[in-house]
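When the chains are written out, they are named A, B, C, D, E and F in that same order, and each has its own residue count from 1.
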Amino acid sequence: MKYVDEFRNPELIRKISEEIHRLVDPDYHYRFMEVCGGHTFSIFRFGLQNLLPENIELVHGPGCPVCILPMGRMDNGLSIAKQQDVIFTAFGDVMRVPGKHGTPLELKAKGADIRMVYSPLDALNIAMKNPDRQVVLFAIGFETTAPSTALTLMRARELDVPNFSVFSNHVLIIPAMQAILDSPDMRIDGFIGPGHVSSVIGARPYESIAKKYQKPIIISGFEPLDLLQSILMLVKQMREGRFEVENQYSRVVPYEGNMSALDVMKEVFEVRSLFEWRGLGAIQQSALKLRPEFAKWDAEVRFQVEGSRVSDPQMAPCGQVLKGILKPHQCQLFGKECTPEHPVGALMVSSEGACAAYYHYVHLQEAVGE
Amino acid sequence: MCLAIPGQIVEMLDGDRHYAVVNVCGVRRKINIDLLKNEHLLLGDWVLIHVGFAMSKISEEQANEQLNLLSMLNESDEAIEEVQGYQFDNEKV
Amino acid sequence: MKTAKVNFTDSYIELAHGAGGKASRRLIEGLLVPYMMGDKPAELNDAAYVEANGSRLAFTADSFVVNPLVFPGGSIGELAVNGTINDLAMGGAKPLALVTTLIIEAGLTTSELEREVAAIAKAAQRVGVPVVGGDTKVVEHGKADGLYITTAGIGLTDPRVSLSSRNVQPGDHVILSGAIGDHGITVLLARGELDLEADLTSDTRAVWPFVSALIEAAAPGLRWLRDPTRGGVATALNELARDAQVAVILDEEAIPVRPAVRGACEILGLDPLHIANEGQFLAVISPEYADIALKTLRSMPGGENAKRIGEIQAEPKKAVLARSQYGGTRLIDMLIGDPLPRIC
Amino acid sequence: MKTAKVNFTDSYIELAHGAGGKASRRLIEGLLVPYMMGDKPAELNDAAYVEANGSRLAFTADSFVVNPLVFPGGSIGELAVNGTINDLAMGGAKPLALVTTLIIEAGLTTSELEREVAAIAKAAQRVGVPVVGGDTKVVEHGKADGLYITTAGIGLTDPRVSLSSRNVQPGDHVILSGAIGDHGITVLLARGELDLEADLTSDTRAVWPFVSALIEAAAPGLRWLRDPTRGGVATALNELARDAQVAVILDEEAIPVRPAVRGACEILGLDPLHIANEGQFLAVISPEYADIALKTLRSMPGGENAKRIGEIQAEPKKAVLARSQYGGTRLIDMLIGDPLPRIC
Amino acid sequence: MKYVDEFRNPELIRKISEEIHRLVDPDYHYRFMEVCGGHTFSIFRFGLQNLLPENIELVHGPGCPVCILPMGRMDNGLSIAKQQDVIFTAFGDVMRVPGKHGTPLELKAKGADIRMVYSPLDALNIAMKNPDRQVVLFAIGFETTAPSTALTLMRARELDVPNFSVFSNHVLIIPAMQAILDSPDMRIDGFIGPGHVSSVIGARPYESIAKKYQKPIIISGFEPLDLLQSILMLVKQMREGRFEVENQYSRVVPYEGNMSALDVMKEVFEVRSLFEWRGLGAIQQSALKLRPEFAKWDAEVRFQVEGSRVSDPQMAPCGQVLKGILKPHQCQLFGKECTPEHPVGALMVSSEGACAAYYHYVHLQEAVGE
Amino acid sequence: MCLAIPGQIVEMLDGDRHYAVVNVCGVRRKINIDLLKNEHLLLGDWVLIHVGFAMSKISEEQANEQLNLLSMLNESDEAIEEVQGYQFDNEKV
């Protein structure tokens, strides 16, 4: 598989690992945050932690759109899904996320018409095939996914599909990174920056962060070689006292990002003044809603969704885990009340969620007696 | 955060210029290419696919450069310097 | 009947409970087994054993509910025969006879039904097992997705083999009969909802000829057999690890996966180890017999891709681990719920 | 496989094809049997016989799709066990083991499922037959009417009896185990659509104890057994008349029918002879053994209503006739389609 | 079972049978028509033909509302049933009647929402429980059933149920009897009159027929004793040269009928100027349609049903059988193309239909070698 | 033509005067009695039921008279004459 297999080359992996070991300061405890859940997944999927020195700690960041979805948004979405003439569509990722009264899958089992889609365009197609029904797309995702939703909405407007609407939960990565860095109880030495988001937004947006907080940021790919190389680059910057934005993932990410994608996003979306992130609280200018010109296709307008704030279950410190303050296994519910099969928090749902990833990892550690 | 996967364009759909067919390891899908309309995609190009859209054109040159660099790691000090200086093209230019 | 051990707290049933993974296991072990089998510690095998006049019979039944009914390389009728033959084979039993029951949705065309009846007959004939009886129910239009088939089978166990997770020992080898994921991915794509196309066909086939050959060649070394259907290889091996209180250590690179299966899995964020197979099996074989077993399988048409994919270790108990060439280790979990395509 | 004899011209399947009457028979004989059994002239019995290591096994499977799942006197789980036990019993076989498969509709509550699982376990335990295995599938909400159950069973035939329509002789007596129509009418009323109420309960029960007693008392005289389920007594006896090339002459007044069953049938324009039973059986017994057979049944709890309801004649072949006391004669036909309530 | 079992008393049955044998003129061939399909059914159900002298021939009349339903009406009804938001309700009797493209059961198997009801009120209830759907009752029946439909429609008006309507195929018995008597190829010596219709219309309407055509008419019950007594009464009238209306079924039928029932019928229905009867052709003033005041609940208005005339299948002489001109087994299709399982004509569908009844009877005759 | 069956009124529904409960051999159904509103139905009355409506009140007297007559058939000539003259009540009155 081109652009995949080469980047899993065992020999090169070993080489970089050795180089990291060679360059780290053995007396320093490094804390690098991989912002993106895709990175978290890869790290566990490929067992990369094994290849790093013990004093490099990887902190799992907020870059999983499912994990940061506040329960109130989920409940709002499901309240729409319960309406009789609605076909509620969502990505597979969302299907196991618990709202206050259960997950989309559970609601579907009780008879709601909830369908999984692979692409936002699939939802639009369902709407065109079911003119008697209201088809709602429960959209999630960072800047990687938002342009696809935007293009789909433009297409809905072009074809004038009256029974399609989008419930937007799209969020922005830069405000989230800032919120984490602003958090007083937080120490991060550098970031492994999200590769696919960056293919849209480019590198520039990170520069002010790198400068303001004096943290190195490496925009990184998702294969083992990519991640290890990014860590190596972070170690080197620290060794050299630099705090720059570097692009490890240049085969995919251009400096200026994807202008067409940014354009369609701007045409369809505007920035919300405030949006609640699960665990992180309300963050200013951190999410996207549909512009008034698209009110006709805005599920929040059509179904008059009131913002319902539901706090995370008591005792569930998902937010602290999201910010990297707590390790997942330090949560009291971890592995007991909260498991991948019966998640309490969203971090346990997504295979990108830090808790789900850790759950397997800890079992593995226990298993292999480490 | 965003599952995206490289695929190769194997068919440009003349009837519908918004779409192309990509091949991922023998799996084909019609994907929307509107987000790369400035890239002048050609048959054989590799693109990164996410939720049925092409997000980015993949640079073979950049990929090879990276792999070359990494293969020289531990073998020449120059390579290490390269890795360190490995930054945005446009900044180097 | 002893029901004290009932331990199932979900308040209703959802698709995950039938997907073959963790939820299925909880339902079966937490609710069904306590009622049906009472206190007996259950080893849940593909087929059960029944003593009749001094013979040891294998007895099994499975329901088949695939959508679409026909997919590249097979159809529900063929699946229903092969699946039950395979469960008997996994019990080390030569299949003797099948009974099939049909639950038909009113409105199914006769040609669709005839196609499946012919598929049943042909699949049974191919492996030389008679269909000796059946039953037909018709349910209202809108129910039953066209056709559900249940196939029951009885077989006669071979006295030379004793198959049980209890026999599995550290040092034993894990052999896989061929490439994985073909069936699950083929059916997923055949539904058409994902708009993905690939030149893939279901692997559905009766594996009794392979098992029969293994018995002839390596009976004393055969410890355990399992067809990794719903839940895939990951789930089957986790069940083994749990039941046998051992570790299964996989050499992930050795597991044969066709490019298109891999491609589809990468696109959809799925793991081939969780994908269903309908014509493959896993065998645990003692080290002395592993080579001859593998050679036997590989010498048979359709067995060329058989591989040694791992081995049994004493520790860490109850875990399935994959080791990569570069030293990474990952834990392979059972499937949780249905495999859902994901975007992140 | 020989398919030359396929003879089924309906272009699609409707409810009637599953109702146990003429359409069912056409589907089975015209389409299923030619594919499955090829040229062999099929005698379609409740259970098939399979030779295994010198033993003669009975093997059967039935699917159960009743709506509602629970009705006075029983539920689908109890039905599924009793029905399969009864089919083995009709084959003259002592039930050895059952396997049950569940097709569950997503959204079924655990308490409903648990109730049926308990019902299965209890019914099996009552007749002392273990449930040795199973399978669980979950289908999407809106499918499967809550729960479909398929039960497969194996039994060991008693060497003292040989049951076949071919053994039936003119002069033989027809014995019925008890009152008819209770099950079908109970379920019909339980659906609630007709707004009829009656103190009726399904007759579902395992009849093996009765058959076992009959074998002990009258084995040499036992010719043929059948449980008149879907299609009722009329259909079962028509099949006998056809298969055995004889006439069955009924004394209609002798057939026990409870008042409420009769009342419901009169209101709805149905014939009790077409209504399904789940705990009764018909036996054809040679004249010498008829009295002892009847006495045996009547001496058992639940067998008090057993009756001699008719006899076998050589002519008119293939017909079932009812004679009334005042000399009227009517032809009893098989059920056509589902029994539909009528107003004229 | 009171009012049933006493009227099946074997001893009395034998007595009347003997009396009939005693009183018949052995040289005359009697042809009595039982107008009502319920009588036809009873005659075969109880094997009454066996109990009669050979020279009494029972001719099966048109009194089966399913049998005389023209195929065009069935097709019209099914064209409504095919519409997506319609729940089509009908009595069980109708479910196997073939339209041009199949029966209601077949259409249901293909997905149409067709439901069986026991009472017209059940259909109204379904409408009230499914306010989003159009619920249509495909009403059939003679004057026995029409009052129930009428009351149901009055109730629909009272409760103002907007999504309920009736497709009326109600027909009248007197015009049909006249049509038969007017038919030149027809000889009938007397009528066994319909008992249950008469409980509504009473005896008076028959008197003009009895007088005009000089035929005795005995209003009869449905049990063996009733039918045999009625035949005895016919034989006696003929013996005595009388042609009167007599009421054998006085326990149920009052002379004046049921005034309340006649009133509600009049309030809801009006007589159609012309209505097609299967086999008998168009008969004037022989059927009921909804009055304009009930147009809102009239399916013919709501669904703008055009009268489609579909002739009976060629070669199918159902009409001649209905009039008693042909015996069922004289039809070429009888028992070959046309069987109860695969009926060509409606007379083979209903268990009241002459052909279905005969089919069993002939098989019986063949069976017992008569 | 019209399947109708005798049933006995076992409950008058006070809450809904349009309905009564009838019993047929132990089978009970709520039926509409509007068509017999002039008959002043009472508990214990027998009615003829068709499609969920009471069509007619059954006269026990008439039934018994018929059965008596028929039982005398062949036994007294009077009975035969009665059968012959068996016509509408109101005509006799």
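Here is the rule we go by: contacts are C-beta pairs under 8 Å (C-beta built on N, C-alpha and C of every residue); 3 or more make two chains touch, one makes a residue touch a chain.
These are the chains along with the protein names UniProt gives them: A, E = Hydrogenase formation protein HypD; B, F = Hydrogenase assembly protein HypC; C, D = Hydrogenase expression/formation protein HypE.
Quick caveat, the model's predicted, so the values are computed rather than measured.
**Q** What chains, if any, are shared contacts of subunit B and subunit C?
**A** Touches both subunit B and subunit C: A.
**Q** Looking only at C-beta pairs in contact, point me to the busier pair out of C-E and D-E.
**A** Most contacts of the two pairs: D-E.
**Q** Compared with subunit E, which chain's mean CA position is the farthest off?
**A** Between subunit E and every other chain, the largest centroid distance is to B.
**Q** Could you give the separation in Å between the centres of subunit D and subunit F, each centre being the mean of its C-alpha atoms?
**A** A distance of 39 Å separates the two centres.
**Q** Just give me the whole-number Å value for how far the CA centre of subunit B lies from that of subunit F.
**A** Those two chain centres are 89 Å apart.
**Q** So, what's the distance in Å between the C-alpha centres of subunit B and subunit A?
**A** 21
**Q** Name the residues of subunit F that each touch 2 or more other chains.
**A** 1-3, 5, 24-25, 50-52, in rising order.
**Q** By the touch rule stated above, which residues of subunit E touch at least two different other chains?
**A** If we look for residues of subunit E contacting two or more partner chains, we find 1, 4, 37-38, 64-65, 91, 108-110, 118-119, 122, 141, 145, 352.
**Q** Mark out which residues of subunit C touch at least two other chains, giving numbers and ranges.
**A** 12-16, 106-107, 140, 142, 194-195, 259, 262-263, 266, 269, 342-344, in rising order.
**Q** Using the touch rule from the top of the page, what pairs of chains touch, sorted by label?
**A** The set of touching chain pairs is A-B, A-C, A-D, B-C, C-D, C-E, D-E, D-F, E-F.
**Q** Which residues of subunit E touch subunit C in the complex?
**A** It is residues 108-111 of subunit E that touch subunit C.
**Q** Show which residues of subunit C lie in contact with subunit A when the two form their complex.
**A** Touching subunit A from subunit C are residues 12-16, 22-23, 26, 193-195, 247, 259, 262-263, 266, 268-269, 315-319, 321, 324-331, 333, 336-337, 340-344.
**Q** Going by the contact rule set out above, which residues of subunit C touch subunit B in the complex?
**A** 189, 194-199, 258-260, 262-264, 266-267, 269, 342-344
**Q** Where on subunit B is subunit A touching in the complex?
**A** Residues of subunit B touching subunit A: 1-6, 8, 24-25, 32, 34-38, 46, 48, 50-53, 55-56, 58-60, 62-63, 65-67, 70-71, 73-74, 80, 83-84, 86-91.
**Q** Can you list the subunit C residues touching subunit D in their complex?
**A** 1, 3, 6, 8, 10-19, 24, 27-28, 31-32, 35-37, 45, 47-50, 52-55, 57, 59-65, 96-97, 99-110, 113-114, 117-118, 120-122, 124-125, 130-140, 142-145, 148, 150, 152, 154, 156
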